[in-house]
Structure formats: C-alpha cells, structure tokens
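Multiple structures follow.
What follows is subunit A paired twice: with subunit B in the first complex and subunit C in the second.
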Partner chain A sequence: MPLLKIDHQELEVAAGSQVLEAALAAGIEIPHYCYHPALSVVGSCRMCIVEVEGMPKLQTACSTPIGELPADRKVDGKYDMVVHTESEKVVAARKLMLEFLLLNHPLDCPVCDQAGECFLQDYSFKYGSAHSRFIEEKRVRPAEDLGSGVAINHDRCIMCTRCVRFTREITGTDELFVMDRGYSNRIAVFDGLPLDNPLAGNVADICPVGALLLKDYMHTTRVWHLSHTESVCNECASGCSITVDARDNKIYRIISRENPQANGYFICDYGRYSFHKYADSPLTRPLQRTKDGWEMIDWDTAYRQVLEQVQATGGKGAVRALASPTFPNEPNFVLGQFMARLSDRKNIALLPTLKEDDQEFPGGFRISGEKGGNLRGVQAMVPGLAAAMKSLMRGEPGVLIALDGDGRAHLTGELKRLLELVAFKVVVASMPSDLTAQADLVLPVATPYAREGTMTNDKGLVQWLQPALHPAGEVRPDWQVIAELGQLLTGEGHLYTCAGDVTWKINQTTPGYSQITRFRLGRTGQLSGSEAA
Partner chain B sequence: MSFAFDAPRTKRFKALVRQYPDRRSLALPLLHMAQDQEGHISRDVLLALAEMLKISPAELFDTVSFYSMFNLEPKGKYLLQVCQTLSCSLAGADLVVDHIGAKFKLKPGETTADGRFTLLKVECLGSCGTAPVVQINDDYYEKMTVDKVGRVLEKLS
Partner chain C sequence: MATVQRTYEPQFSDRFYLPAVVRGLWMTFVRIFRRKDTIPYPDRKYVPADGYRGLQRLNKDAEGRIKCVACEMCQTACPAHCITIVPSPAPWDEGEERYPVQFDIDLLRCIFCGFCELACPKEAIELTEIYDYASYTRDDLIINMEGLLKVYDVTSQGNIYKRQNEGESITIDTGKL
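What follows is the complex of A and B.
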C-alpha cells in the first residue's frame, strides 16, 4: 500500500484512492465544494487544491490518485507522495479562488438560510479576503422555484453541480442541468419538467452554499438557534439516520445523517417532512369514550377503568394485545413480557400496517414499502407473532390493548372483525387515527420524534432513537405506559426507570440482541445477530 | 407540434446509430441535422431527440445551451453573423454592422419583420487574415466594406 505524507502525518492508503478521500478519512480537512463522497468527481470548484512535491502546479486533491512509486524513486526514501495542504502557495491560491467564487455573490448572509452552516462563509473566514477587487456591477438574477419544495437563489450559486450530479447519478431522474455557459451559467430545470422525485429535498442538503433551499424551512429560524438531535426515521423499514433540528420544543427541519450501514448520505422527502403530521397532536391526556364524545380523564382513573373492564369482561385470560411495528422495541418487548404472564403469548398479535412496493433508485437508495418501520424488531421482541391474528378471535370478548401505528395502522378485514369481537378497546397512541376513532379508552404516548428507545430496520440494524422534543401535556413514554399496564394486570411490579433499562432487559433475554446496548449502538447503530432462541 | 426527421435524415440517423455504441454521443450530429431541417432547435425538437438519444431533455438542453451555434429561436432565411472580435473590429466590423442595421432597421439579435434577415454579432470566426468577415448562412464573405456588404445584400433581397 502506498505511503502518503500529508502535512506532518503519515498515512497508508489504498492504491488508486484520491488525496482528498484519504485526507478526509484520516480526519484532515481540505476545503472543497464540488466533491461529494456519493457523487462522481468533477474537480470544478478548485478549492481542494494542494501542493504535491514533484508536481510543478497545484493539484486538485479530489482528482489526484495516489499510486505506488518504484523503490528507487520514493520521496525521502519511503513516501509515494508528499502533499502540503496548508502551504503558503496553497493558501494564496485558495484566497484567489474564493475571490472568483464571490465575484457575483450578493454577500447577503444576514438574510440567507445557509448562514451558520455555509462553507462559503467558513472558508472565506479562514482563507478569504475581506475585500474584492471586482468594482463592476454584480450580476443579479431572480430566485426561482425548481419544484418539489426546492427553490434556487442563483446569485449565491457557485456552480459546483453537486445537485445536477445528484439527479443524474442518485435518483436517475435527471431534472437539473447546467444552462448556458460562462457568465450566464446557471442551474435550471427543463421547461415543463420540474424537479419531481421523492429524494429532491437532498439537493438542498448537499448544496454547500445558500443557493438551493427548502421552501419548507426558508426564513423560519437561524441554524444556530436549533438544537440538533441524532435520531432515526420511523416512516419505513429502511430506518434512515436523521438529525432532527428543533427549537423551543418545535421541529423546524429534519436532515439526513450519514450512516453507511443504513441510508448512506441521503433521506427521502416522506421522512424529511414527516414531522409536520406529528406536530401538535391533540392527544395530551387520556381520553375516555362517553355517550356524547370524549372526556379527558387522568391516568389513575384511566388505569382503574382498564382493571375494572378486565374484571368485568372475561378476566385476565381474555386480554388481547396488538404489538405495533411503528413503535420502538421497548414498549413491544414489555407488552410481550406481560402478555406471556397473562396468557403465555397466545393472545398477542401484530398490528397490520401499510405495505407498498419498495422504491429503488439507481444510486442505491431504497425506500422500503414496509411502512411499519420496526417490523423486524417487533418480530424479535415478541416471538411467534406472524400467525397469531386468528387465535385472537377465539374465546370470550375481553379487553384489547392495541399499540397504534401513528396513523399508519391498516384496518384490514381481520382487524375490523377483531375490533367488533372485543368488549373494550384500549388504544395506546400518539396521534388520532382510524384505530383511536374506534377506541373506548385512548392512552396518549409520545409522538415519534419525542420517543426514546431502539428501532430495528429491515436489515437488522438496531439504532437508538433520541427524543428531540419533550412530550406535551400529560403524555407519557410508550414503554412506561405499557409497563404500568403490565403491573396493573399481572400484579407484579416492574423495575424500569427509563427506556435504557428496557433495552438492557432486551439485551439479557432476546435472542440476537446480546450485543445491543445503549452505548454500543453509538451514533450509527449495531447489527442484531441471528442467534437461535 | 411534434418533430420527426424527414426521410433522408431518418436514413442518416439509422446509419449513425450503428457508428455510436454509446447512444448519447450522437447528440451533436443529431442536433445539427435537426437544425438543418428546422432552422432552429425548438422545445419539440429537444423532446424528440432526447427520446432518440435515451437521455433526459434536461441533459440534452444542457449541451444545446452550451454551444452558441445552436439557435433556440427561429432565425431569418439569411443569418448575417458579423465577427466582432479584435481583427475584424479593428478592420471596421462596426461599420458593417451599422450599415446592415440601418438598411433593415435592425439591432443585433433581431430579425426583419418579413423573416428574411437576422443580424448577429458573433465572436471570432477564425478568418482574421481576411477581416472583417460576415458569415451569411454557411458562407464566408471576406474583407467586407460598407459598399461590398451593400452589394451582397442587394443580391439577396
């Protein structure tokens, strides 16, 4: 393997890898705009120029491959390449490059949404000049709507073409292109064919400057006011890593978070904008059905209701439960645990959720058609779920405890029959849905982005969900509500004080999860094993 | 209004396809053929060619808009392109432009109302030795003066 010396660091790198790749992997920052690890290399922004010993001119680090030299030609007797990323020559060249990039830039950072996370700002601050020698009038062009909720501000664009390459290589939809050349160069869509694909929002994420912006987020807040919570998208079984940006207990945007084991670099627009549907859920206190609608009650009254109904309708043996693939592993695990006590897991089945076809993209991105995001997790938490729906139809009408699907429950014929059969329906839900509409008692739990716990995607990757919001009103965490119901029905206390306690119990008792702990999961999760029970 | 190549050009297209294993490389030859036939590259032409080339109309427009020799707007029967780069400019290209402009009441970039003449100022036509040069459709008219250009236009109109 070639030995690379970069500044004062020695790196062994794979032959054929580019200098920029190798540097970034080793945590060395080389400024760049057009390079993106998921896209092809074009070397157009000229920001990653570095000095390579033995080469007369500065080289673009993104397109300078490192090869192996014959033994007698090694630099200093051992290096295959010696690179300087911060030499005087390099810094001076970067300063000039920035002056070019900023020729027609409006310098409107005070009103620009990118400000605070803009690489043009960062590198201007580090390498740029406070003054431009350009005394002519700047080119001014109106902003345009490209479609799919993405707007372009041409004045801020530096023509790195990341967005064009994204639509060509990742989505394969090819809507964006570079129009004209030279001075009138700009990013455009073809007349009548706007940006239209379910990954479109990513072009705003990968834009290194403030040119491409999400209309949804535009002019709502400044990025430095946001708190960033690393979490996982629940919307389908792909389980993409995301960062949830919130302020004052309100989510402003969701952006993708790099995770090679899950989504790579991108997320889809369904997940990106999903937080809107969970905002301001009206479920903030337990609700009891009365003759003329719903009545708000407190938790103690709610639990007493459940116990009375269980005693009145066939006893503990007739309690049925529905585990939900839209909830994390923890509440499902606790549900499985106490149902095992009550009826040896005979009376627990899986809440049906929507299934569509997978959507695959040429760049490898996949939106799973399985809308119950934690399906694989639930199946591991509660063994034997798949065939159980029928067994719930037997016996006396009793109490049904259902974990709802955040509006993603699929009311199949089987589920409708079950709902008619049971005498009293307790629905544990974060959002009003078709299922809560049929409930006798609704127990409110945290919405997806206020949840804590683990999710298992369809590849078996377990990731930690961090809550980005505080639950509203008297809403309780899902695992807690289920644990309290279990305590009520089994008469045995539980020892869980937080979601992590349940995770630990899962680790101790669930086949395939012996490697899963809160701390091992880290930022990008851990694959669950397939050890037999 | 949709676009299709006429019979001889369709034949030419079929011959060319075999020469280009990568279909999208055929973009420029097809664009030239289409411009020959139609006079300019319209939206319909782009949509039809993109389908033939198996690329998106956006990618094709990317290429078309890069090259100044593809006309996106209809042009007159005679396209008068006056070179305005250094040699021609020094040799009096401006006088030629002014003369044509005055004769047809045109500004550079415009077409006469009868659709016969379009006047364009263009960059170097690569014939500095015979400056100033006017290109009318596919032919060069060299060492132009106001008198000479007047005579040429007389013949055309």
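What follows is the complex of A and C.
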C-alpha cells in the first residue's frame, strides 16, 4: 500500500483513494465545500487545495488520487506522496479562494438560518481574511422557491453543485442544474418542473452555505440554541438515524445523521417533517369513555377500571393484546412477557399498519413501504406473533389491550371485527387516532421523539432511541404502562426502573439479541440475530 | 496594652469650642450662595451623562419599521438571559426578510451591561437614559416589543430628562410599563 505523508503524519492508504478522503479518515482537516462522501467528485470549489511535493501547482485534495511510486523514485526514500496542508503557499491560496467565494456574498449572517453551522463562516474565521478588496457593486439576485419546501438564496451560493449532483446521483430526478455560465451562473430548475422528490429536503442539509434552506425551518430559531438529540426515525422500517433539534421542549427540525449501516447520509422528507404530526394535541391524561364523550381520569382509576373490566368480562384468560410495530422493542417485550403468563401467548397478535411499495432511489436510498417502523423488532420480541388475528376471535368477549403508538394503526376489516367482538378496549397511544376513537379507555404514552428504547429496522439493525422532549402532562413511558398493566393482571411485580432495564432483560432472554446492550449500541447501533455473526 | 499617642494637644481656645461653632456657621452661610449639589427630585429630574445605560429601546428605520431582524445575537450575548425573541419571516417585500414577532426583556433580570447593544449587528437595540420605571408588580417589568418601540418614540428626540426639566411634558407610556 502507498505510504503517504500529510504534514507530519504518516499514513498508509489504499492506492486509488483521494488525498482528501485519506486526510479526513486520519482526522486531518482540509477545508472543503464541494466534496461530499456520498457524491461524485468535481473539484469545483477549489477550497481543498494542498501542496504536493513534486507537482508544480497546488492540487485539489479531493481529486488527487494516491498511487504507488517505483522504489527508486520514492520521496525521501520511502514516501509515495508528500502533502503539505499548511504551507505558506497553501495558506495564501486559501485566503484568496475564500475572498473570491465571498465576492458577492451579502454578509447577511444575522438573517441567515445557516449562521452557526455555515462553512463560509467557519472557514472565513479560520482561513480567510477580515477584508474584501472588492469595491464594485455586489451582485444582488432575488431569492426563489425551488419547490418541495426548499428555497434558494442565490447571493449566498458558492456553486459547489452538491445539490445538483444530489438530484442526479442520489434521487435520479435531475431537477436542479447550473444555468448560464461564468459570472451569471446559478442553480435553477426548469420552468414548471420544480424540485419534486421525497428526498428534496436533503439538499438543504448538504448545502455547505446558506443558499438552500428549508422553508419549514426558515426564520424560526438559531442553530446554537438547539439541543441535538441522536435518535431514530420510526416512520418506516428503514430506521434512519436522525438528529432531533429541539429548544424549550419543542422540535424545530430533524436532520439526517450519518450511519452507513442504516440510511447512509440522507433521510426522506416524510421522516424529516414527521415531528409536526406529533406536536399538536398529543394525549396527556388517561381518558375514559362516558356517555357523552371523554372524561379525564387519573392513572389509579384507569388501572382499577381495567382490573374491574377484566374480572367482569371473561377473566384473565380472555384478555387479548395487540403488539405494535410503531412502538420500540421494550413495551412489546413486556407485553409479550405478561401475555405469556396469562394465556401462553395465544391471545396476542400484531396491530396492522399501513403497507405500501418500497421506494428505491438510484443512489441506493430506500424508503420502506412497511410503515410500522419496528415490525422486525416486534416479531423478535414476541415469538409466534406471525399468527393471524383469527386466534383472537375465539372465546368470550374480554378486554383488548392495543398498543397504538402514534395513531398509525391501519383499521383493516379484521381489526374492525375484533374491535366489535371484545367487550372493553384499552388503547395505549400517544396521539388521538381512529383506533383511540373506538376505545373505552385510552392510556397516554410519550410521543415518538420523547421515547426511550430500542428499535430494530428491517435489516435487523438495532438502534437506541434517545428522548428529545419531555412528555407533557401525566404521560408515562410506554414500557412502564405495559409493565404496570402486567403487574395488575398477573399479580406479579416487575423490576424495571428504566427502559434500559427492559433492554437488559431482552438481551438476556431474546434469541438473537445477546449482543444488544444499551452501551454497545452506541451512535450507529448493532445488528441483531444471525446478522451479527 | 495599646497606647494612644496624641499628636495634637488641644489649646485653651480649642477647649472653649465657640470659635469652631462660629466658623461652622460661617461655612453654612457662605454655601447658601453657592451652586447646589442636590436637586429637588422629582420636581427636577437628574440628567444622566451621555452613554448612561438605562431602559432599552428598539430602534425604527427611516420607514418607521422595526430595525431588528431577530438574529438573537443580543439574546445570545446576554449574561442574564433576560431577552426572549421569537423570529418570523417579515411581512414586507422590500427590506429585511426577518423580524421579531415577540421581543421581551425581563427588566428585573437585566443587569444593564449593554452587551445587547454591542452585539447587535443592525444597531436595533440601544440603552437609553431612562432610569425611573419602577413598578408595583413583577409582570409590569417585563417589557414587550410594543413598549420598547414606544421607548424609541419617546427618547429619539433627545434626552427626555433634559426636555422634562425644560418644561416639556413627557410621559413614558409603554403599554404595561
């Protein structure tokens, strides 16, 4: 393998890889705009210029491949390439390059939403100069709407073309292109063909400056006020890694988080904007159906009622339960555990969720059609769950405990028949939905971004969910509600004090999850089951 | 044991005290004709020096619109965390694209350090000479955007205490304040 020397660090890298990749992997910072690991290399921003010994001009690190030299021509007798990233020549050239990129920049950081995470700001501060020699009038162009909730501010654009390459290579939809040449070139869409694909929001994420911005997030807050919580999207079974940005217990945006095992670098717009659904009127207190609507009750009364109803309608053997793929593994596991005690898991089935076709993109990104995000996890938590809902139709009408998650239950004919059959319906949910509308008792749990626990995506990757919000009202954690119901019905206490306790129990008892612990999951998760081997 | 050393031994005239009393009365008499160091507040208002850091105001531009672009720099710089800003896209077409819909300053928390003024990139927030805004409730001392703009209206034509002393009648009506 070629031996590379960057500044004072010696690196052995594979032949054919680029200098910038090798430097970034080794933790050496080379400033860059147009290079993105998921996109092709164009070398248009000229920001990553470095000095390579033996080459007459400065080279762009992103497009300089590393090769092996013959033994007699090695630099200093052993190196295949010697790169300087902080030499005088490089520092001066970077300064000039930044001055050039900022020629027409409006310097409107106070109103720009990128401020705080803008690479123009960061690099200007670190590598640039405080003054511009440009005395002519700056070019001013109006901002435009590109479609799909993305707006472009041409004045701030540095023409790195990350967005253009994204629509070409990742989504394959080709909406964006570079219009005109030279001084008047700009990112544009064709007339009547706006940006229109379910991954469009990513162009704002990958834009290194404030040119492409999400209209949803525009002028709402400043990035340095946001707390960043690493979590997992549960809108579909792809289980993308996300960062939830919140402030004062309110989510302002969701951005993708790099995870090569799950989503790569991007997320879809369904997941990106999903937090809006859960912001309005989540359930905050246990609700009991009365003759004319709903009555708010406290938890003790609610549990007492469940017990009374169970005794009145067919006893513990007639309790049926629906495990939910919209919930993390923990509540489903606890549900499976106590249903095994009550009726040897005969009376537990899977809550139906919406199934659509998978959406595949040329760049390899996939939006799963399975809208119950934790389907694979539920199946592992509750063995034998594949059996249809038919088994629940037998016997006397009893109490149904349904986990609804966040209002994404799909009311199939089978489910409707079951709802008619049972005498008393307890729905554990975070949001009002069609299913909670039919319930006799609703027990509120935390909304998706306020949950803690593990989720298993359709590839078997288990990831840890971190709560980004504090739940409102008297909401209790989902695993706790189920564990308390179990305690009530089986008469045996539980020893769980937090979601991690349940995860530990899963680790001890569930086949395929022996490698899964709270701390092993880390930021990017662990593969479960046979995939781990 | 400590000993007190007298450096001055009182004379007979000192022990008599009357000359000292007369000297004191003379001093008082002379001071009657000099310029007074006290002012009859609140009939006359104390005029603070330029650069005094008192109640904040939000400046308006030439068209009478708020200058603030809700960049939250003052909020970030504020060591007392007394500023609350809610930004929003601006309703006007020309000019800045962002403006505040809520701009509250908790005057009970404010330490009048002037960092907000220094941090402001648009010269939108300024500290004025106003110091007499006491109130009976804590709620009244959370000044909102409307109030801050009214402070601008009142103070933009010159030092209000100077004007009050010249006989101009100015009331600071800043909504709740």
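By definition in this document, the second predicted complex is superposed on the first by the 526 of 533 C-alpha atoms of A that agree within 3 Å, B and C clash if a C-alpha of one lies under 4 Å from a C-alpha of the other, contacts with A are read in each partner's own complex, and residues count from 1 in each chain.
The rule is simple: contacts are C-beta pairs under 8 Å (C-beta built on N, C-alpha and C of every residue); 3 or more make two chains touch, one makes a residue touch a chain.
Fair warning: this is a prediction, and the values are worked out from it, not measured in the lab.
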| item | value |
| --- | --- |
| Fit or clash between subunit C and subunit B when superposed on subunit A | fit |
| Contacts of A:K126 with subunit B and subunit C, given as first, second, both or neither | neither |
| Which partner reaches more residues of subunit A (counting touched residues only), subunit B or subunit C | B |
| Which of subunit B and subunit C A:T220 touches, first, second, both or neither | second |
| Partner chain in contact with A:D180 - subunit B first, subunit C second, else both or neither | first |
| Contacts of A:P110 with subunit B and subunit C, given as first, second, both or neither | second |
| Superposed model, angle subtended at subunit A by subunit C and subunit B (C-alpha, nearest 10 degrees) | 90 |
| First, second, both or neither for A:K390, with subunit B first and subunit C second | neither |
| Overlay on chain A, subunit C to subunit B nearest C-alpha distance, Å | 29 |
| Residue ranges of subunit B in contact with subunit A within the complex | 43, 46, 55-59, 61-62, 65-66 |
| Subunit C-touching residues of subunit A, taken from the complex the two chains share | 109-111, 115, 143, 218-222, 224-225 |
| Complex contact set, residues of subunit A against subunit B | 164, 168, 173-181, 188-193 |
| Parts of subunit C lying in touch with subunit A, wherever the complex brings them together | 69-73, 76, 87-89, 96-98, 121-122 |
